[in-house]
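Two complexes are shown next, each including chain A; its partner changes from chain B in the first to chain C in the second.
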Partner chain A sequence: MPIEINHVSYTYFPGTVFEAAALRDVSLRIEDGEYIGIMGQTGCGKSTLIQLMVGLMVPSEGKIIVDGKDINERGYQREELRKKAGIVFQYPEVQLFETTVEKDVAFGLKHSGLSKTEIAENVRWAIETVGLDFEKICAESPFSLSGGEKRRVAIAGILAAKPKFLILDEPIAGLDPKGRKDFLKLSGDLNADGVTIIMVSHNADALAEYAQRVIILDDGRLIMDAPVKEAFRDVELLRDKGIGIGQAREIAHLLTACGYPVPEDTVRYKELLPFLIGIGKGGD
Partner chain B sequence: MHRLPTGMYLPGDSVIHRLDSRIKLLALFIVVVSILFINSLIGYEIMVVFMAVAVFLSGISLKVALNSVRKLSWFFLLIFLMNTLFYSTENAWFSFWKVTPSPAGLMQGLEVVLRVALALIASNIMTSTTAPMEITNAIESLISPLKLIGIPTGQIAMILSIAIQFIPTLSEETDTIRKAQMARGARFDSTKMTEKAEAVMPLVVPIFLAAFKRADELSIAMEARGYRGASGRTRKKFDPLKYQDMSALAVVIAICAVLLIIRLKT
Partner chain C sequence: MIIIEASDLFHSYEYEGSQSRSIDGISLRIDQGEWIAILGQNGSGKTTFAKHINALLSVQEGELTVAGLDAKDPANAWKIRQKCGMVFQDPNNQFVSSVIEEDISFGLENFDTPDNEIPEKVAKALALVGMDGFEKKSPHMLSGGQKQRIAIAGVMAVDPDIILFDEATTMLDPEGRQEVLSTIQRLHAEEGKTIIMITHFIEEAVLADRVLVFKQGLLVGDGAPGEILSDLDLLDRAGLAPPLPVSAYYDLKKAGVILPRCPLTIEDLVEALCQLR
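Now for the complex of A and B:
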């Protein structure tokens, strides 16, 4: 289900002293099965953009078309959209509320129309997919878990509905290195299974590794919508806009500046490695 | 949070914005009390004109000033009807069971509505032109005489100011949690009663947890910075009352004195 965003603007509190434009004339298109990274400084409109995509907010101007239908038109079935779209907010662990992990993960399926056995299957699958032991954890209270486990359970609660596209808002913030790695791998695996992934992150290395396309927002404007390699090419521009560039890209950029023949589209560690080995062998 | 809440502080630089918050709070108190003892048409006329001037001077639009009244219009309609229908049995136009609409009731209904509306507008002007922290400062200084009889006014003010500071944070948190639950299938907008009741838990539990967590963190942060109780706390900013503040208070007192005289004479 492709998502089309057509000249969308969003203004908070129009007509008051608090008026603030969060998005200005943004247009983009997301195809099925893509893995997209969204970057930008705090307050650039990233969160507004992703909330508009799933109909949690209504644009001040412009249209959002999912599967060929305007989601803000009268009579549009928002519930259908929400069944297909999953959104993981920042610190999703705040949304836990049930008495057991199993019930909490199953919460979103209550109105799905699935049978009891199907729900149980989905819940088990979701809990195991986020890397938890279903038998061990299903009867525990979500509040007795560690921070990392809580986040996994919260994410399982979203995956249980088997969304067709998944929006992730800073999902790895505050996780330990292993948690990050696991989560990124999970997002990659889901994407390989055909789930469209839209990930908001400041972590350029993570996006370079997994995303195919990167969208950069600056003060509500879309300033970049390009494949990863192209998006991270202009280091100076990114620095100027306050966007973090990944370490791999940074090292490649420095090496280029020092006269080594590293291509300017090196963004991943894996691509960088042969050059570093080559330089090491060369004895420079 | 897509619409501004009624009575929210709107920064500005009007005459009323610049008045000292203690004076504004005191004036609000005097105005509300005098609204209660008005009992003549001329008294209401004076009050309405006074409120209109105050709205004009505050620089907030008439729409914003009347917002709270408009939001409560159903409540106003209800108290108006209750008064008209049940207030008096004298000269009733007709009588059916306990329902006796009468001219006296009609007048009483109008009067109650007008009184509540005026008091609402007055408080709206106060909260729209005064930052919340200013209001708590004003409350602290106005209740400080109670210290003499052993009431911990400093701590009351501290509680108030923390509570007010947390309103935006908690409302933002509520908004996020509501959206998160909606995105995973909660139905807050359902019209079915059972579904509505069900939808409360996923909202209330996380909000309470978040609030307690914040309270815990705040108390640790305060202790870490050497908080030892609110008594004897000094303030960073101290504004002595200005000439304008005194004259504004004088005007309010004068108007209310006139209203009192009218009341006593009639």
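Now for the complex of A and C:
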């Protein structure tokens, strides 16, 4: 189900002294099965964009078309969209509330129309998919878990509905290195299974590793929509806009300045390493 | 001069009758003016330890002295908090007022600072974090980095000897992170503050004088960044990943390229490679 954003603008508090444009004429298209990274400084409009995509807000101007249908048109069945789209907000663990992990994960499915057996199957699948031991954890209180486990349970609650596209807002902020690695791998695995992933992050290294395409917003405007290897090419522009470029790209850039020709589309460490070895062996 | 001394410190949290030990016998000394980075997985006891230093948690077992005050004595809690301020992860959760100068005055008022001294102290604290002129503004209109700097100013107004940062850069964009790190560097170098910084960004630990590694409530590593951050075995045991330049050093070594020393920063790595030429 492709998502089309057509000339979308959004203004908060229009006509008041607090009027603030959050998005200005943004157009983009997301295809089925893509893994997209969204970057930009705090306040650039990223969160506004993802909330518009799932119909939590209505654009001031422009259209959002999901699966060929305008989601803000009269008569559009919103629940259709709700079933397809999963959104994981920042710090999703603050939304846990049930008495057991199993109940918390199942909550979103209560009115899904699925049978009890189907719900139980989905819940077990979701908890296992996020890397937790179902038998061990299902009867525990979500509040007795560690921070990393809480986040996984919260994400399992979204996955249980088997969304077709998953929007993740800074999902790895506050996780330790192992938690970050595990989570990114999970997002990659889901994507390999056909789930469209849209991930908002400041972490250029993570996006370089997993995303196929990167979208960059600056002051409400779309300033980049390119394959990941192209997106980090213009180091000066990104620095100017306060966007991180990732460590591998940074090293490649510094080496180029040093007189070693490292291609400008080197964004991953494993692509960089052969060049480092080549330089080290003096083979230029 | 020793400013923090812990010996055999233990702490357990109780949840629905079951106990889990969060710190499991920590002994260490921190000198005045040191910049300490604490690394460790989620649940390794970093924050629990930090909250002891600030007297947000009381000592259950063991000894802890902060700025010459016995943390076991509840009567010392306020004095300890005056000596030791804490900056948390989410800047939005730390504001108590919608006007910046009132927000910064809050700590001073709580510590019974005479009214006529407050404006000067607020102005000084704002200047320290490079936010002078923002007295009458609202914290909600600021960027993430600016919000954290206001939170730091609130702590600095009370003029503590020790400042704790609990993942204070986690929620910030790259520019905001840089603003906060530069502010910490200044407080350390120019104001001589003792800095204790908990972080999941191993690159930030490179800036510290000394790195502590926590694992399951135990201190498993304690040394200079160059020593700790290049110890692959230690980092692996603690569930941490080395900084990328350190990984590159070992990967290069495996391929037969020996750099003169193990680089900790991207700049060090590039310089070392360029010198091979």
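Just so we're on the same page, the second predicted complex is superposed on the first by the 282 of 284 C-alpha atoms of A that agree within 3 Å, B and C clash if a C-alpha of one lies under 4 Å from a C-alpha of the other, contacts with A are read in each partner's own complex, and residues count from 1 in each chain.
Note that a contact is a pair of C-beta atoms (placed from the backbone, for glycine too) under 8 Å apart; a residue touches a chain by one contact, two chains touch by 3 or more.
Here the structure is a predicted model, which means the values were calculated and not measured.
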{"item": "Chain B versus chain C as contact partner of A:P142, first or second or both or neither", "value": "neither"}
{"item": "Which of chain B and chain C A:G37 touches, first, second, both or neither", "value": "neither"}
{"item": "Chain B versus chain C as contact partner of A:K281, first or second or both or neither", "value": "second"}
{"item": "Touching partner for A:L273 - first (chain B), second (chain C), both, neither", "value": "second"}
{"item": "First, second, both or neither for A:G179, with chain B first and chain C second", "value": "second"}
{"item": "Touching partner for A:C258 - first (chain B), second (chain C), both, neither", "value": "second"}
{"item": "Which superposed partner A:V54 touches (first chain B, second chain C, both, neither)", "value": "first"}
{"item": "Superposed model, chain A: greater residue contact from chain B or chain C", "value": "C"}
{"item": "Set of chain A residues, in rising order, touched by both chain B and chain C", "value": "143"}
{"item": "Complex contact set, residues of chain C against chain A", "value": "15-16, 18, 40-43, 89, 143-144, 167, 170-176, 200, 202, 239-241, 244, 247-248, 251-252, 255-257, 259, 266-267, 269-270, 273-274, 276-277"}
{"item": "In the complex with chain B, residue positions of chain A that touch it", "value": "12-13, 16-18, 51, 54, 56-57, 79, 82-83, 85-87, 89, 92, 94-97, 107-112, 143, 157-158, 161"}
{"item": "Interfacial residue positions of chain B with respect to chain A in the complex", "value": "2-4, 10-12, 173, 176-177, 179-187, 201-202, 205-206, 209-210"}
{"item": "Partner chain C, residues of chain A touching it in the complex", "value": "41-43, 90, 141, 143-144, 146-148, 170, 173-181, 202, 242-244, 247-248, 250-251, 254-255, 258-260, 269, 273, 276-277, 279-282"}
